[in-house]
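Look for chain A in each of the two complexes below; its partner is chain B in the first and chain C in the second.
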Partner chain A sequence: MKKLDILAAVAVGLLALSASHGPTTAKDKVKVGFIGSLTGGTSANGLGGRNSADLAVRLRNADSKAKYEYEMVALDDECKPNIGVQVATKLAADREIIAAATHYCSAVAIATVDTYHKFRLPVVVWGAVLPDITYRNKYPEVHRVNGTMINQNELNASLLTKLGYKRFAVIHDTTDYGKGHFKYFGEALSKAGGTILGSFGVTSDQQDFTAELTQIKSLNPEVIYFGGLTPIGVRIRAQMDRLGLNNIVLDGTSGIKSDAYIQGLGKLAEGSLSFLEGAPAERLPGGKFFLEKYNAQNYPNPPEAYGAFAFAAMNLILDAIEAHGPDRKKVQEALNKTSKANSIVGEITFDDHGQNTVPIITAYVVQDGQWVVWEDSEYAQGKRKLPGQK
Partner chain B sequence: MDLGLLAQYVMNGLMLGMMYALVAVGFTLFFGVLDIIKFSHGDVLTVGAFTALATFIALSALGIESSVVQLLVMLLAAIGAMAFLGAVIARAFVLPLRSAPPLNTLLITLMIGTVLREMVRLFYPDGANPKPFPRLLPADSVNLGGFNLRLDNVILLVAGALVIVCLQLVLNKTKLGLAIRAVAQDEETTKIMGVNFNRIVLVTFAIGSGLAAFAGVMNGLYYNEINFGIGLYLGVVGFSAAIIGGLGNIYGAILGGFLFAALQTIGAVSLPFASAYKDVFAFAVVIAIMAWRPTGLIPEKTSERV
Partner chain C sequence: MTGKSKTSVASILPGAVTLVLATVYLIVLLRVENQATILALLGVGIAAVVMANWLGWFASVGQSFGEREGPLGLLAVGLAVVVAGYFHGDHFVLLLLCTVLLYTLATLGLNLQFGFAGVLNFAGASFFGIGAYTAAVLNEHTSIPHLFVLLIGGGMAALIGSLLLLPVLRTRGHYAAVVTIAFALLFKTFLEVNDLLGGPQGLQVKSMVLFGWSFNNNIEIGSLELSFYFAYFIASVLLLVGAFILVRRLERSWIGLNLDALRLDETAAQCFGLNIVRWKVTAFLLGNFLIGVAGTLQGFVTGFVQPNSYTFADSLIFVSILLLGGIGNPWGVAVATIIVVIVPEKLQVIQEYRFLLFSSLVIMVLLFRPDGLLPRSVRNYFPGWRP
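Here is the complex of A and B:
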């Protein structure tokens, strides 16, 4: 027995020695998560978001003042709710992961909130715009840095009615994302004085829209409002051309604001509209800084529309961990109290649902193969006219 | 309803129907000679469309700009490659399982389909994303009231019809066609008569898969976009079309294809609620037709129930 005691004492002594003599410069490793659509039709946005969140982590790791060394675990939700719940569970069940920036697709984000709540993983949504994500429940774990589709549809309806358009037809996908857009656009439009002549719910992987578009043709609208994502947006615009519907405006949502929309359509994209929370990276308070750093990393894909939000979301998380240590509960409490936090997308203040209350919305139009801010475009200056514009 | 709009609906339906019919004919051919369902058929179509797209990119890189030449080479490459692929699938997976229960063939072709689809998704550069397909046909159009008549639609329809007529001629007027029909009717007697059974099966699979490649290119030219999932959907629709037409009967497959397209169009136009239900409507009618005529609308002469 004695021998054992001595051995134990020696062992403890050795351990203590090795601990005190260990390298003092090495920081503790802390894991954070990221989820987005890294493959599939919306992967351009997902990869842009992933890179931007990664950039936030890299910049933090390069900062000598940071207390921890961060590692980002990036998972792919494929923009599918069922896959989203799987990867969210995987992430949330890993206790080493302290917090995560999650989801571009609304249908996925709304499907996963319960998972985060159950596992008590604080998350900051970086791209999904469905209001319900923050407002359906009051989960303290869920936050969002970007605005919601309510804000973007209000601007959408008021801009188009101001341009003199009154007669709208609606195509929306039947996911929560598309249905939400339809609902909030309808509300905003009736306030603004326009009418919806007919609405068509379509599945989000539908290929053929000629039947719907022919019916729309018979309704004779001035605008087709499209609530859905890029892949079917491209198909709808291409098939409008096939049916000779080029005198109608395609009025999209944030879902088609991607370079893929323009690449898929070429010249046909000209004059399509979209609305997006925030402002283009160049115009954001910290946009220049963000783009400089982003380009310096030589990522293979651009940050896309929501990159800056992903960057801001990840930075909020890292700030909270720096201030309160790698503890889910403390990080969540810190995030809940976020008020007037400085970020590259402007000041962030979360309301009691974790929703950022400072929405900036920007309208865009495709001009010569680029998404151009509406106010800067030749359309707004009157040099060019949208289809059917008086 | 306005006559122009009606014409537009008919045109939309015809375009869809032609693609469905081409796929359905493949299913029916395979079932005819071997009494099997080849579920990888739709994915062969996808691979065909992607082969055509890759050929187009290669031709553009070589500096060949003439769209007629591009289109012809693309068609040749896609049809040739898929005919070969179809024959390989038949030789390597389907024929060896001849004496196994039909369920095994069904399963193995289902898996081959998944493998093909995933290979396109994973190995074609950026294959998970929809790919723009070049516009190679003249897009001139005449606007007749509510009807926008496009030259490229007409060309596609005529080309599709020609392909079906040619297939029909091959089956009914040539020795090869006679052999295919003979194998379909009675394998053993055909063998006794000196027909090389295996060769006929391979040729039939090559023809059916070539048709799928043609439908794939047609699909790309019509929608100006392809993605790795097109074949899955077209496969299911083509299979249903072949079933309601009467598996094993080529006219039945064509009828089934156009009927399915008509149902979808009617579903989208006449259902008062969301047009998202048009597929539900079309498939529900398919179920009803199958209950009414289990062997299809135009059954095979020596019909077998599936």
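Here is the complex of A and C:
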């Protein structure tokens, strides 16, 4: 029975721990939500987004003019649609949550829009780029601050054809993200005057790409266009090196624009391209402010590519709540009417589908272990040349 | 007569008390949202189980279940309804409970294959997905009554599963596992490139309608408003009870004996005149049917089907439920599903570290109970009979 006593003591101790709560404040508490991929292969972006949205909430709470005190509920969708629907239901069914910034993964975002519509929860998508998320249905609850893959690929195709590249091979993952990119890149490229020699769909957890890359080698392209996310991007670039394909440009999409890509590849990352909506945080109107504040909070992970969007999305939500009170319907109407709203990612205007119509897209290239804006890079200035560039 | 009823009350007590305590614990766990409380509660739960094990209470609980399974099963169903009734307006909790029930149902199918006949199946989620896609397609393009859609969903899973029969019958052990793994990968890729089935974006599944009543509307009885998931919950309970009885009866019957013989020693079973092919096929198809039925209802519940929800990793979740619960024991499956579905969800509060904690928990369980939480016991044909 001595054992029982010890166990009882431990249990009491744990209960006492759980009973301690933070101090209360005079302001009304309002809850907002955040969903992203906090675990798994794309967790770097999810955590960056989570921290950035958290930053928006903390800054607002520190602002003495704010009418409410905000609490952010962050949930993990694991980048899996079935889990996404589950956590979306959890957020949306909780009437205390007024609005949410949701999803980095397109596959999850497209699966959950019906849930938000059903439960009438206004959301602002902060990272997923599949056009259908806003355009397949006309749900007044769904908004998106970032641009779509259509805009990304138009710039991608025009930049590369201008540099003199004509022959492309495509590797894309077979998710919505990869297939969508392939489709819109193909359309943009045929307008810009390039040709696709061959395309290869791969699953998003494939480890070995020797078969695809060997075939690509025999097609002799100048560029490998890669539509997919960082984990397989790293593998493909590393295996290109092993097969001696270093005279080919790796032309990526927004999916590889993460610090993890460079960390995974080291020197091999040099010269890889990526395209992303908005402009780098440093160049945005409020970018310097954002990075300063972000670094001041000492988050363990960087904001990554979409952090600024998560920050802007959360700020839009907080602004709407400040102006119209914590009421889902009113917040949704306010978000629908968003026009020329100032944010750190530039002016935001939603069209009738809730899509931000001011898509700034920026091209990036890896130079000396960093993603550098194309126009600022030594590649654009002619000091360095991309593989095979004339 | 009085003596007999006295012993039966005594023998039912440990099981009933355990069930009630577990239910109360589950309600509290589902209710709390505070990070420290959840972690403390999980700690208390683990401590309680370890302690009960230490004091040898589980033996009497096991005995109680062995002798009075019928009434205890009824009690379990009643308590499940109590939990759902407690959360009647809470959409999310009911969705979670539906997921638990349907995963249990699917794993019962796997149990039939894996636990009884020893036929490995690492494509559980694919057959689950076949059911869900059947729901989506039939619902969109036909007006077949949805009760039949459930059966057709199961039938489709069994039918498509029969494609695998030849390779599964010709291979054994690890090789059969590889065949099913290959099928799981093939299935997902097939869905992704098939634009008729929605491609990677998947399909929407419309509401389930039974006898002119749409499941996706909230239910109002007087002033009491029930979540629309409540209807799905009831449907899941009914399906699960049916499957549970089926699996239990099968196990008890000579079919179950044949399957056991097959698993333990194929050659010996054949020497005794058992038709190996016939029983392997029976177990494989019936198991897939159950998984397919579960998947069909799951398709209706989530309202959306997508290839990414039915990957090899999801199949592994089914297998891990079976291993965690104890291969061959349907009760173990139910307990393990609750752990696998609800614990990671409650651990959302610790965000990026949740799978670290959850996985260590599973490893610890298997370290101390290598046969799973509730290992299968020897068949008991005569309640109360002790050798």
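The working rule: the second predicted complex is superposed on the first by the 365 of 390 C-alpha atoms of A that agree within 3 Å, B and C clash if a C-alpha of one lies under 4 Å from a C-alpha of the other, contacts with A are read in each partner's own complex, and residues count from 1 in each chain.
The working rule: a contact is a pair of C-beta atoms (placed from the backbone, for glycine too) under 8 Å apart; a residue touches a chain by one contact, two chains touch by 3 or more.
Note that this is a predicted model, so its numbers are computed, not measured.
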Which superposed partner A:F119 touches (first chain B, second chain C, both, neither): second
Per-residue contact with chain A, leading partner among chain C and chain B: C
Touching partner for A:D132 - first (chain B), second (chain C), both, neither: second
First (chain B), second (chain C), both or neither touched by A:T174: both
Partner chain(s) touched by A:T203 [first = chain B, second = chain C, both, neither]: both
First, second, both or neither for A:D327, with chain B first and chain C second: neither
Contacts of A:T89 with chain B and chain C, given as first, second, both or neither: second
Chain B versus chain C as contact partner of A:T39, first or second or both or neither: both
Contacts on chain A seen with chain B and repeated with chain C across the two complexes: 39, 43, 174, 201, 203, 205
Chain C partner contacts - residues on chain A that touch it in the complex: 3-4, 7, 10-11, 14-15, 17-18, 20, 38-39, 43, 47, 50, 74-76, 80-82, 85-87, 89-90, 92-94, 107, 110-111, 114-115, 118-119, 130, 132, 174-176, 179, 201, 203, 205
Chain B residues touching chain A - in the complex, by the definition given at the top: 1-2, 5, 8-9, 12, 15-16, 121, 128-130, 132, 139, 141, 143, 146, 148, 150, 153, 222-225, 227, 229-230, 233, 264-265, 268-269, 274-276, 278-279
Contact set on chain C toward chain A in their complex: 34, 36-37, 39-40, 43-44, 47, 51, 54, 90-92, 95-96, 99, 185, 188-189, 192-193, 199-202, 204, 216, 227, 302-304, 306, 308-309, 311, 314, 345, 348, 351-352, 354-355
Residue numbers on chain A that touch chain B, as the complex places them: 39-41, 43-44, 174, 199-203, 205-208, 210-212, 214-215, 217-218, 231, 234-235, 238-239, 241-244, 260, 263-266
